[in-house]
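Shared between the two complexes below is chain A, which has chain B as its partner in the first and chain C in the second.
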Partner chain A sequence: MRFSLTRITLYGVLATILFLLPVFVKSVYVMHIINMSLIYIIVVSGLNIIMGYCGQFALAHSAFYGVGAYTSAILSTRFGISFWICLPAAVIASCIAGFLTSLPCLKVKGHYLAMVSLGLGIVIHEAMVNLENLTNGAAGIINIPPPFLFGVSLDTDHRYYPIILVFTILSILFVKSLLRFKVGRAFIAIRESYTAAEAMGINHRFFKVQGFVLSASYAGLAGSLYVHLVKFVSPDSFGLGELITEFAMLIVGGVGTLGGPVLGAIILSFAYEYLRALHSLQMITYGVMILLFVLFMPRGLVTIKDWVFALRKGAHSASSG
Partner chain B sequence: MDINLITQIISGGLGIGIIYSLVGMGYSMIYRSMGLVNFAHGSIFMIGAYFGLVFYVRLEFPFPLALLLGALLTAAVGFFLERVLRPISRIETLYMLIGTLALGIILENLALIIWGAEAWSFPPPLGEKPISYGVFMIEPQTILILVISPLLMVLIQVFMQKSLTGKAMRAAAQDRETAGAMGISLNKMNALTLAIGSGLAAVAGILAAPIFLVSTGMGWSVAIKGFAAAILGGFGNPIGAVVGGMIFGILEALSAFFISSTYKYSISFIITIVLLMFKPTGIFGEPLIEKF
Partner chain C sequence: MHLQVENLTMRFGGVVALEDVSLGLNQGEIVGLIGPNGSGKSTLFNVVTGFYRASSGKVLLDVEDLTELYPHEITGWGLARTFQNLNLFNRMTALENVMVGMHQRISAGLLHFFYNPRRAIEEERNIRKKAQEILEDLGLERYSNEQANNLPYGIQKRVEVARALASEPKFLLLDEPAAGLNLAETEMLQETINQILRKGIAILLVEHNMHIVMNICPRICVLNYGAKIAEGTPSEINENEAVVEAYLGKRKR
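Showing the complex of A and B:
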């Protein structure tokens, strides 16, 4: 990493713009979509760790998201515990769920892994519906308190935004640094070839468990941020539809890239909301959009960057030549 | 314990299980033929059920005719879907999954526009009164499922083994390049496989319609359980999918009765997963050598 002056200025300006966004965005609706996009960046970055970097079909991610959300919701409504304690508790609970899920997943590969993780996700989802004493069943939990910071209630999208933004930035930076250490490199080695990774002395079981736990911790963090934003939680938010959304965001943005989850989460969150104008055609258009992305831009939106570079290079060589 | 009740539970579970088998068979046939894991298969099941509903309830055709027309029409849908699925089948599994899921969303919402959001009831063609025979007690709809489905499975098996087209389809699935060199059109064979798989799913949908109610969302749970059936039997093995589906259905019925009806899916999934721990590539699956 080069710490050039231009680079620092660039990041400084970017951060300032990001943190001042609520000043420019007046609409509560738009602010809510922005907050949801940020939460999805965290969720999808987590999915990217296990699916993009580690190359495992882990289809229980929406269930981990739900575990985080419910942990935070139950602790804050039943016991009146502060958001700042609920949040780490939610992360830990999701980590435990991720750890337990990873154990049977070590035995199977490919489509079989997809089936096992999907099945375990369904088991967790069914527990949310049926553990009525704890989760209030299908009706869900209402009146979840907003977070407080220095005595100020962060009860609007505008006020809550900076907190979510900080966690989102930290999440992205964490993935970025992960790739520079042994863990991240081991993940990629396992994705590229099991056999080669093992031959290099990488204990793929150990790292796969780590991958599951790490990705689940992201889902837990996002789940906690989510329930304190919408102040309501029900099992409907963590079903198959949710899993498809997260999955689609990852693919549309770009699997196994740092920027992919960011682009995918923002584009699909806004697309989903603004396609509502099409009424009954909303979901069809959404589906067609995902399908077209998969077929014509399988490496995701991040590849646009390469096009821009290629264009600039082309223009440069044309002018110099 | 009442023996009547037990036979009723097991036969009911077997009936539902065969529905999963028919769907799972489609998964495995399509996977073997074009290497495609088709998560849109549940939506095809749903469309089949709607076609059956249109012919049987709205147009008041006799049930056998409605079943046949529904299956043929859905098979035609499957045949033309090959054109959409062809490019999806050539990309990596990860993209394939999301591509077929997106197709499933598209089909589901098309159905929503055509047939509306309400759930339709489908009157059972043989009535609702359970038939008792000595100590056996069985629902008439279950009898219908248990008679038609095995017949259909045998028919498909004979077609695949004996007919020239069936042989060509198997050849194309086994070795694409050689089959292609022998003048077999791979795309046509894939389209035929998709048509047969879709027809099977439609029969499953129409037979299950009196049990489930017909709605646009009915496909997803069957899509997952049919996939579970195909995986449990060994992915890519249609006979394995039949066995896997029956096991899954019976497990579901037994756990609903003996353990807890609210956790019946969890229990059947957990048992399936435990079975996979002992046989990680399914009951009839060959060991995986490919790199994932």
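Showing the complex of A and C:
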């Protein structure tokens, strides 16, 4: 990997702006939306691993998000365990859920995979509702403590933001580097042609399991960050509506691209808040959005970048030629 | 090294796609496998490379039994293949396609990242260099950063050969490599095949272009309706009545 000086400066400036954002944003409401966008970047990046790169149409992602959230919520409220232990525990719990889900999913492809994974997701969701001793049922868990860092309680959106930002950046960087190595290539190879992948010596079962687990770990991380932010958790947050939201973000941003989840999560998180006024029309608006994107911009908003490049190239060659 | 197919039978329900076929391939040798459409050539390929499970019979590599192995395991034993219809990873570059071919030569997995990133990076650099060399060998270096599905058909076919070679096979199974190629591309392919043979890699060649098969295969094996009907030198095959009959039908008396 080579870095030019301009690039380092560019990233440096970008990072500084990002970390100083709470200084400029006064509104607690806007800060909360920003935090939620970051959390969704992690969730959708995870979904992107299994759907975008592995090409597996897996629909249990919101359930993994819930597993992470509940693990963190239960450990911190029941046992008073620190956020810094709850977080890895949530990731591990989601990984286990992802692993177990992947096993039956290996047997099926395409639509059947979608159905099996959706079914398993619903099972997990029902468990959240009905295991009342553990999850407090539909009422949910309240009074989840905020994280502490060096004795400071990160109980406001402004204070919590840097922690979420660090995890978001790490998550994106991890996917980015993953793609340069064997595992990432194997994922994409499986997506592109799993017969050819097998012929090249890729054990597609093994790598699909890895894809599921990795994708679930992202959801678990995000789930844990989420509950300590909103300090409340209920099964409602991890149902089908949630799944559709995550999907919409991925499709609007761009499936199978690094920037797609980032764009999609930020745009739709803000859109979601400002569409609240529409109440029941909110979901319909989402649906219409997915439809329009699939029809007219199937590779998502990230393709705009290519257009800009093409335009610039066109202008360039016109001026030089 | 010797690859031996022994009394292979493959049934799909009531359809017998292969019946009691035996065929051997020695190290560094090229054998042509021909036969009319639907005679079982591709089925034989799929059984040998583990995509189909044989109904009976065996695939042996020296004394090792490969019959029950998965395709990805068979690759590890030094068998590589191309596909009848192109089967590249379309949204990857030519170079990345070849790098996927080297999958089993790379040890760094998901967790290496955390405890030994330096080695993973080092390894990755070597793999990239090697993939580049393989493309150069086949005269494809200028396409290395092109996305596979943007390449001309003839080039895609050769990238597929390069990808198969990347796994460092001892036996290469080419399924109709010349199908759809023009004259110039076909000549280029012949050159490529000779180049591979010079490296000591054995080739089993399924091909409909008789000109190529007769030209480069000292030994040819003919399938018809799933059964082997002849085996021999090109001139023997040319004169074999059963073969002529399979392709052209019986002479009217």
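As a working rule, the second predicted complex is superposed on the first by the 310 of 321 C-alpha atoms of A that agree within 3 Å, B and C clash if a C-alpha of one lies under 4 Å from a C-alpha of the other, contacts with A are read in each partner's own complex, and residues count from 1 in each chain.
Throughout what follows, a contact is a pair of C-beta atoms (placed from the backbone, for glycine too) under 8 Å apart; a residue touches a chain by one contact, two chains touch by 3 or more.
Since we're looking at a predicted model, the values are computed, not measured.
K.L.:
Which one hits more chain A residues, chain B or chain C?
P.N.:
B
K.L.:
Taking the superposition on A as described, I'd like to know which of chain B and chain C A:S193 touches: first, second, both or neither.
P.N.:
A:S193: touches chain B and chain C.
K.L.:
Looking at A:M36, would you say it contacts chain B, chain C, both, or neither? Reply first, second, both or neither.
P.N.:
neither
K.L.:
For A:I266, is the partner it touches chain B (first), chain C (second), both, or none of the two (neither)?
P.N.:
Neither partner.
K.L.:
Between chain B (first) and chain C (second), which, if any, makes contact with A:I284: first, second, both or neither?
P.N.:
In the superposition, A:I284 touches chain B alone.
K.L.:
With the two complexes superposed on chain A, say which partner A:I50 touches: chain B (first), chain C (second), both, or neither.
P.N.:
A:I50 contacts neither chain B nor chain C.
K.L.:
Kindly classify A:L240 by the partners it touches after superposition: chain B alone (first), chain C alone (second), both, or neither?
P.N.:
First partner only, chain B.
K.L.:
Is A:A127 touching the first partner chain B, the second partner chain C, both, or neither of them?
P.N.:
first
K.L.:
For A:V116, using the defined touch cut-off, is the partner it touches chain B, chain C, both, or neither? Pick first, second, both or neither.
P.N.:
A:V116 contacts chain B only, not chain C.
K.L.:
Using the touch definition from the top, say if A:I144 reaches chain B (first), chain C (second), both or neither.
P.N.:
neither
K.L.:
Just to be sure I follow: which residues of chain A are touched by chain B in one complex and then by chain C in the other one?
P.N.:
193, 195.
K.L.:
Residue numbers of chain A touching chain C in their complex, please.
P.N.:
1, 177-178, 180-183, 185-186, 188-189, 192-193, 195-204, 210, 214, 256
K.L.:
Quick one: in the complex, what on chain A touches chain B?
P.N.:
Within the complex, chain A touches chain B at residues 51, 55, 57, 104, 107-116, 118-120, 122-123, 126-127, 129-130, 193-195, 240, 244, 247-248, 251, 255, 280-284, 286-288, 290-291, 294-295, 298.
K.L.:
Once bound in the complex, which stretches of chain C touch chain A?
P.N.:
49, 51, 70-72, 75-76, 80-81, 83, 87-92, 96, 99-101, 103-104, 106, 108-110, 113, 120-121, 124, 163-164, 166-167
K.L.:
Given the complex with chain A, which residues does chain B contribute to the contact?
P.N.:
Those in contact with chain A are residues 37, 87-88, 91-95, 97-99, 101-106, 108-110, 112-113, 220, 224, 227-228, 231, 235, 262-263, 265-266, 269-270, 272-273, 276-277, 280-282, 288, 290-292.
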